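Handing you this structure, nothing more for now.
We just call them A, B and C in the order they show up, numbering each chain from 1.
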Amino acid sequence: MNAVWTIVRVTFLQQVRNKLWLAVLLYAGIMAAASLLFGAVAADAELTVILDLGLAAAELLGLLVAAMGAVTLVLEEMESKTAYLILTRPVPRASYVVGRFLGLLGAVLGAVALMGLVHVGILMLKGWEPSASYFACYPFMALKVTVVASVALFFSLFATSQASSVSFTAFFWLLGHFGPELEFLSQKSRSVAAAAGVKAFLFVLPRLDLLTYRDLLEIPGVAAGPLLARGAAYAALYTGACLLLSATLFSRREF
Amino acid sequence: MKVGGAVAAGLFLASAVVARWWPGTSLPPAGGPPVPAYAVQDMAAVLAGARRVGADVAFIQLLQYFGGGDANEAGGKDNTGPRSTWLPRFLPMSRRVAALNPEFHAAVLFAAGSLGFVLDRPDQALSLLEEGTAADPTFWEYRLYAGAVAYRKNQDPDKVIVFLWEALKYPDCPGILENILANLLKKRGDFRRAAEVYRHTIQTSRDPFSVDTARRQLDRMRRAGLAT
Amino acid sequence: MVTSHSMNSAAVALSLENVTKVFRRSHLGRVRETVGVKDLSLRVMEGEVYGLLGLNGAGKTTVMKLLLGLLSPSAGRAEILGRSPEDPEARRAVGYLPEVPYFYRHLTAREVLVFYGRLSGLPRESLGARIEAVLKEVRLAENAHRPMREYSKGMLQRACLAQALIHDPKILFFDEPVTGLDPLGMKEMRDMMAGLHDRGKTIIFSSHNISEVERLCGRVGILVRGRMAREVDRSEWENDPGRLESIFVETVAQDPNSGLRPVMP
């Protein structure tokens, strides 16, 4: 655990000093421009649009930074050989992978939290009244970022290049929101083989639709608590699987 | 390696069990695109996990269509034909917003109000409100607006006023309908309540066009001595 | 200095027993195999300074990596103090100075030593004092607050030495320790290595620089195309300046693919 925590700390610092805060600045710029634009064209739905866009932008930026960071997290260290000075020490390889992952996650989620503060500031300037369901979106966002980052980390160790890792991650991210539709299609399909193939694929596809609470905002009777419990259980199991595979792949790596 | 792989497979299986059998609410599948021209855009919103943002953008496109029409389309607002022939894609574009976000009540109310009171297509307005009620039976304001449209169809402005006056109390009332209510009240000679509606619009609406219209109308009434 | 005469009484610090390492690379569906080292055996005794010499691609780095646990043997066995190189106790006994310093550029020297000290298992309470002592030993105390990206080549090399020493290991691996250093830097490094040897450390280092190897090593292994072609004891060159170079050239020239002709006596 000491080794994991030590690596988490240094990875977090590395991400912050690598100007992760620029993503927050970019977000603030986007939201400032959006609030001016949508004030003019969205009629009575101005506040709804700024709220939805702000949540989506924070999640998208968080996902981008986490995925790009995860793809390079271990690969870059292997290529620059920074990993050698760690792996020649009494540090289990799994601890190294987990520590790097958690450090990156901590930095990205911190950035997303800052984006949230910016968003709340802009909304309140527009006369928005805070609601608990809005703030409930952020834990779901954190879970989604965690899952996608773990997928990116796995592909970085499995695929042959950074470009292919990013492509696979993007593919899984997009299809991860399409789970219900894919399940619907598999039920309607006349081909048994195709239906079985889709069902098998759904087994490994991350179900990101379970972690998109912001699309369920304002639906009456939908409480965030039980959905968050389900999302957290799902994210923990899925992320655990990806991290375990990543650690296993990394333990067999030669340098 | 084998043990790690087996445990990982077990974790994936457990996560699939959670996804399949742990009960929870999800949005209904997005379904086929009501407007083929926007199919790619809507699909992108679904794939990006941004259905609400997709619905917001679709609503803005609906507003722009309502405001400017489509020069390539027969039945644009510049036509001399009857209003019921204007903006033929207005209903599918409204359905598009609701398909992406069934909880976007403000958009449905705006669309139904525009269909019922501006574009003279009350049946389409009622159809849209019925679909909205089916998607969210708890949003009972849909029934309020359905009543207003139904009486508009029956050409009973007094009953329309009753329903719209009630709808005014709720935050989702579109500015365009507040303006229509004020016009109906003025036609009935009820200038006091018409002025109240305009003041309400100025204080609460976020639509610059509606606010601007309300200001001008209120000024005109003041100059005519019909309001304070 | 440990020589072959005193080997019998000293314990074995590092060993490779009949180790073969084959690298497999697949490219466009075809698998290419390259032999890194073949049936290689060596032993380094505790307290010894052992040098690895060889042309580029001879297998020096492969030998170092096999002993460090960065590579696994395809056949044979590698050991550090009688344990597998992947054993945490073995790792705790080892310090590694790579050819090129691989650091997180945004960290200061002090932060780097805290990081590697903690990873080596040093307790928090004693880490501070140990860091200051090592910084003083490598003469980096005055610049320890600056980020690594501002360091010169010589300072980076000293920082690298510091991280190798922070946990006071019994065995040190130096990979081309004087490459890229100016003459003063080379002398400083040589003096530090001699000082470490005087303190009883076991050192294995690979180098192209025969004169450095001559000065420091008690024994030298000459690698040719992945095999241990010859081991040379210090007594063979100690009183004959330039003798080690001649032995090296002779040994390498015996390989028909070396492009060298044997030196005529």
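Keep this in mind: a contact is a pair of C-beta atoms (placed from the backbone, for glycine too) under 8 Å apart; a residue touches a chain by one contact, two chains touch by 3 or more.
Since this is a predicted model, take the numbers as computed values, not measurements.
Colleague: By C-alpha centroids, what is the most central chain here?
Modeller: A
Colleague: Could you tell me which chain lies farthest from chain C when each chain's centre is the average position of its Cα atoms?
Modeller: B
Colleague: Can you give the whole-Å distance between the Cα centres of chain A and chain B?
Modeller: 32
Colleague: Centroid of chain B to centroid of chain C, CA atoms only: how many Å?
Modeller: Computed value for the inter-centroid distance: 73 Å.
Colleague: With chain centres defined as C-alpha means, what is the inter-centre distance between chain A and chain C in Å?
Modeller: Computed from C-alpha means, the inter-chain centre distance equals 42 Å.
Colleague: Using the touch definition up top, name the residues of chain A that touch chain B in the complex.
Modeller: Chain A reaches chain B through residues 38-49, 52-53, 56, 59-60, 144, 174-181, 184, 202-204, 207-210, 212, 214-222, 226-227, 230, 233-234, 237-238, 240-242, 244-245, 247-248, 251-252.
Colleague: Chain C touches which residues of chain A in the complex?
Modeller: Per the stated touch rule, the residues are 2-3, 6-7, 10, 13-14, 17-18, 80-91, 254-255.
Colleague: For a test of understanding, state which residues of chain B touch chain A in their complex under the given definition.
Modeller: By the definition above, chain B touches chain A via 1, 4-5, 7-9, 11-16, 18-19, 22, 24-30, 46-53, 55-56, 59-60, 63-64, 101, 103-104, 106-107, 110, 136, 138-139, 172, 174-175, 205-210.
Colleague: Under the stated contact criterion, what part of chain C meets chain A in this complex?
Modeller: 65, 68-72, 88-89, 91-92, 94, 96, 98, 100, 102-104, 106-107, 111, 115-116, 118-121, 163
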